[in-house]
Amino acid sequence: MAIKTFREAINEALREEMRRDDSVFLIGEDIAGGMGGHDGAPGSSGGMLGVTRGLYNEFGSDRVIDTPISESAIMGAAAGAALAGMRPVAELMFMDFFGVCFDQIYNQAAKFRYMFGGQSNTPMVVRGMVGAGFGSAAQHSQALWPIFTHVPGLKVALPSCPADAKGLLISAIRDEDPVIFLEHKVLYDTKGEVPDGEYATPFGIANVTREGEDVTIVAFGRMVLFANEVADRLAGEISVEVVDPRTTSPLDTEVIIESVECTGRLIVVDEANPMCNLASEVISVVATEAIGALKAAPIKLSAPHTPVPAAPNLEQAYIPSADEIEQAVRRVFAA
Amino acid sequence: MNKESALRAYRTMRLIREFETQIAREFAAGTVPGMTHLYIGQEAVAVGVCHELGNDDFIASTHRGHGHCIAKGCDVGLMALELFRKEGGICKGKGGSMHIADVSKGMLGANAIVGGASPLAGGAALAIKLRGQANVAVAFAGDGAANQGTTLEEMNFAASLKLPLIFAIESNGYGEHTLADYAAPGDLTERAAAFGMAAEKVDGTDFFAVHAAMERAVKRAHSGKGPSSIECVATRWHGHFEGDPQLYRPKGEVDALRRNSDPLKKFRATATKKKLGTKKEFDAIDADVENEVTKAVEAALAAPQPDLSELLTDVYATY
Amino acid sequence: MAIKTFREAINEALREEMRRDDSVFLIGEDIAGGMGGHDGAPGSSGGMLGVTRGLYNEFGSDRVIDTPISESAIMGAAAGAALAGMRPVAELMFMDFFGVCFDQIYNQAAKFRYMFGGQSNTPMVVRGMVGAGFGSAAQHSQALWPIFTHVPGLKVALPSCPADAKGLLISAIRDEDPVIFLEHKVLYDTKGEVPDGEYATPFGIANVTREGEDVTIVAFGRMVLFANEVADRLAGEISVEVVDPRTTSPLDTEVIIESVECTGRLIVVDEANPMCNLASEVISVVATEAIGALKAAPIKLSAPHTPVPAAPNLEQAYIPSADEIEQAVRRVFAA
Amino acid sequence: MNKESALRAYRTMRLIREFETQIAREFAAGTVPGMTHLYIGQEAVAVGVCHELGNDDFIASTHRGHGHCIAKGCDVGLMALELFRKEGGICKGKGGSMHIADVSKGMLGANAIVGGASPLAGGAALAIKLRGQANVAVAFAGDGAANQGTTLEEMNFAASLKLPLIFAIESNGYGEHTLADYAAPGDLTERAAAFGMAAEKVDGTDFFAVHAAMERAVKRAHSGKGPSSIECVATRWHGHFEGDPQLYRPKGEVDALRRNSDPLKKFRATATKKKLGTKKEFDAIDADVENEVTKAVEAALAAPQPDLSELLTDVYATY
């Protein structure tokens, strides 16, 4: 075990899987950087936020492939190469760019296996940044996971800590289906214990990050950190259980329902915009399958139904906060 | 090209013509579910492009994909089952006309998204390049699809990464009900060339012309020179889809095409001149093919629908 | 009042609004048809399914504009023209094509007003076909409204009958914000009474298509027809109220909650794939805001988490049916 | 061009240079939130393109949009407030650097999506065409954005519909950290020409060259001849974004650019030769502009953040 950043954990997962399996390659924009430049230029960037740093230098231009600014071509490159037997990991940089290339993901890669009657596997990963809090405004700060989760054929991973970032990415790369791997940009510099060597964190298995008996908080991605903070704040006063589903598709509804059956009180925190998001999904699952367990109305905490504002104070107000979560816990506990 | 190879090419073109003709008849009879776009008039393109390709060469196809499938070696019996959406279809009846595929044959699927094929073919080409194989990938695109951003961006992308990718642009003069000249003032071959790839325009009703251009493109790809574009000028004899009233077409246009632009007639004439086949041999192939397709269609009509349990299978390899 | 088809109602709305307001124009692929062809060719199609028939002939090539197969350019043409003061109605033919052009819709048109601090209006309509049941397979049969509903800045209309198709489309064209107007292809030939002359059906106001006291069915789009059928079947036995929200964004939660407060029993029927869909959203709203009113667990009926299969029998099994709804009503009533 | 007009052009170029220089200083000081991409080195492009445009002409811009804003007449005081994301900003502080816009001035926004601008500019051009106005729309796109499908498809689209649209391609040699030659083997001007539009390549550090090409393009647009492309070859003096270590650039490259490719120096030299301005006049403008920008930045630094209630406004005109 060693303490690593979220960024280092992702880099390590990529490196180890590329060493393990020759069919794994990376493709995207400036994941190497400096292509076409002077001798020292190629590989000098390693991604806009340094996540792929050093990989070009170790694996070269056939395994770490920089491209023109052509996301449909990049996604098609991954989907087509996967059909042809490779294991591509494509970077979309900011997932907000999915709007220019989603067809290759949702109509093509996600549907091949079904449309082709089970003939094919499509082992590809699409990595990209999500989330607000970085000051990157309306077109570079979105959550978007409800959209990816809605699409049959896609799997969606949303790690909240370095250990899961590494373990889920290794699982994603080894998975035979297309996986959307979402990296919350505000988490890159967060640190945590990361087991040494190779390990795969399975999809569809929620992680209970805090055990408790009074209130269940289901939180996604960065919101898990806030939920944990609130659980710790309230320790001794209100016993809060925090459930981190880790993947939104598949979604571990079992662990969520078990938790609610024990606590009888549910709060769901999703940074995504509110309509048809994961908080709605989780509350709907509990209401249809375990309503009898609820001692109080569940509480949904999400961003408002607005784009992400540029101004730092507005952006902070946009993101669900630990204080809002704490108030919600007190409210639902009192009910 | 030797005689055996030429007769094989003719047989494949005839197989496409016969298959599409019988599907057209069945569609009119109401036995073919959903939308269907037929390939009649363009047979020389699919066969000219695919004739020398093997299962390790890939093609990505379009909504008008039956011809590409047959040319790439897909079984017409399984294809017929798929078009009728029956159990045992090449995609278990879950794909239908616009998603027909046989990955084991390197046929990565018809595609209901115009421009959807080029990026995928680019991915297959990338896999070939990374594995150092002496193979190619082909992106089929219509003259309408050539105006879709995905097709255009893939042309630059493939040139930038020197992918062993061949764009087979099928210029049949129409995109749905719109004339190609209206939709694209520029010349499609010049457009491709401007991205820095080898680009040529050939008579898409002449198998030998397409085949020769393809040989040049494959050689370039194998020698690491990157992508090529072959614009094949051919004609579409049927409507955009079956049932299309085609009011946008001048009266008599199609009759003239049947008379003057028949890829099979042209093939017979040229091949006969080149001593690559005789009338007797061609006629024998025609009869044989008609019989094969008739059997395939009858079997497909008689086959049962997929089992209802198939609704929930094949979404994920694991979930 | 006259009996008209869903298709005729949409055509009428377009025609009347174009007559009323010169700034309204249509743009898309083959909405006229035959462009570049012989004398009689232009205007000979009127859309792949004939919805815009006759409009080119009345309004000409400056008001009914056929384009190359370039959806990003079409959506940009609408968004840019709207910013510049026009009122475009862009056709996407099958909404499934949104994957090649969504950026222009969700990052551009939907966000202008917010990103620009309220400087601009973007009065544009994107029309397109949705839904299964037509045999058009995985890439031409999707529902997709949960994705559009999730996006702040978009409004989403989903008419279930000819009268609403006309009234909602007129409202959409007059609206100052981008509207996604969804036409279920299986409804085109359905008939219903359509008020004569011009009328606008407001957004965000649900339509109670059947009044009842025992069970509330909230249904979307084509599913409203099935829900009505079930309500009629069960008349005298179980009193079923059917709520058709008509727009998914804004969503009329008030009427839904009022209805559930009266019946205490809720079924939501959404043809869309199940994860993060409108059924989840409605159930979540009721669970968080009116759980006390529920006498039984709400029931969610949706398509399965699969692409749309090509085979007719599989496709029918994919779509929620009147029989499934009836069974659900009996189950929730008995509970 | 008369002297008044030339001095106005110089003033605008200097305003861009000074604004960006002070923003760079503030960014380094940590007072500018979020990402910022500066325009220094390319001033002659924005000003050459926009110099003769009015509020009824539209431009759609890029992530590197400050220069386009200033050239299109946006107020630098309101721009500064926006970059610092303060109350009273041109977008109320809700847009920031990559969404800065002034629709009343025909500036349809910077854009954080590469290739996002071209289709939008096409829409503005369509509105102009439908209303029969003697105006144009300009799509700014970098040499990297030129490889995005949206840009390429818009070129064909605009040619097909004969839109009064001008593509201003800014070839600064880089897309982020990737060299333009790597990303695009083809020549961008030939690529544009192949779509059937008038296309020329000009020195983007020479205001007069850009301005002259623009005059030709505007004339074509007004006479109904449709779109044009002007590829402006210029240089980027700063990193892709502020804070970019630029390891991909050869040492000394930027110093050489400052010495040899300074659009403002070039302007002064040419204008002086042409008797369109004197050193005294240029220096006076420089001093005046520095003072204007300094005031704007100080005011913006001192301004309050937006009121929290602004979070929920401006999502819809009506909801």
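By written order: A, B, C and D. Residues from 1 in each chain.
Keep this in mind: a contact is a pair of C-beta atoms (placed from the backbone, for glycine too) under 8 Å apart; a residue touches a chain by one contact, two chains touch by 3 or more.
Keep in mind it's a predicted model, so treat the numbers as computed, not measured.
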Subunit D and subunit C - chains in contact with each: A, B
Centre-of-Cα separation between subunit C and subunit B, whole angstrom: 35
Whole-Å gap between the CA centroids of subunit A and subunit C: 31
Distance from subunit B to subunit A - Cα centre to Cα centre, in angstrom: 39
Residues within subunit C bordering two or more other chains: 67-68, 70, 72-73, 96-97, 99-100, 103-104, 107, 114-115, 137-139, 152-153, 304-307, 309-310
Contacts with two or more other chains, residues of subunit B listed in rising order: 91, 93-95, 99, 111-113, 147-150, 153, 156-157, 160, 182-184, 315
Overall pattern in which the protein chains touch one another (line/ring/star/complete/other): complete
Interface residues, subunit B side, partner subunit C - complex: 33-35, 85-86, 91, 93-99, 111-115, 144-145, 147-150, 175-184, 247-250, 305-306, 308, 310-312, 315
Interfacial residue positions of subunit B with respect to subunit D in the complex: 147-150, 152-153, 156-157, 159-160, 182-187, 190-191, 193-196
Touching residues (chain side subunit B, partner subunit A) in the complex: 58, 60, 89-95, 99, 101-104, 108-109, 111-113, 116, 118-128, 130-131, 137, 149-150, 153-154, 156-158, 160-161, 313-319
Residue ranges of subunit C touching subunit A (in the complex, touch as defined): 72, 96-107, 110-111, 114-115, 137-139, 146-147, 149-153, 249, 251, 272-273, 275-281, 283-289, 291-292, 294, 297-300, 304-307, 309-310
Residue ranges of subunit C touching subunit B (in the complex, touch as defined): 29-30, 33-38, 40-41, 44-45, 48, 66-73, 96-97, 99-100, 134-140, 304-307, 309-314, 317-318
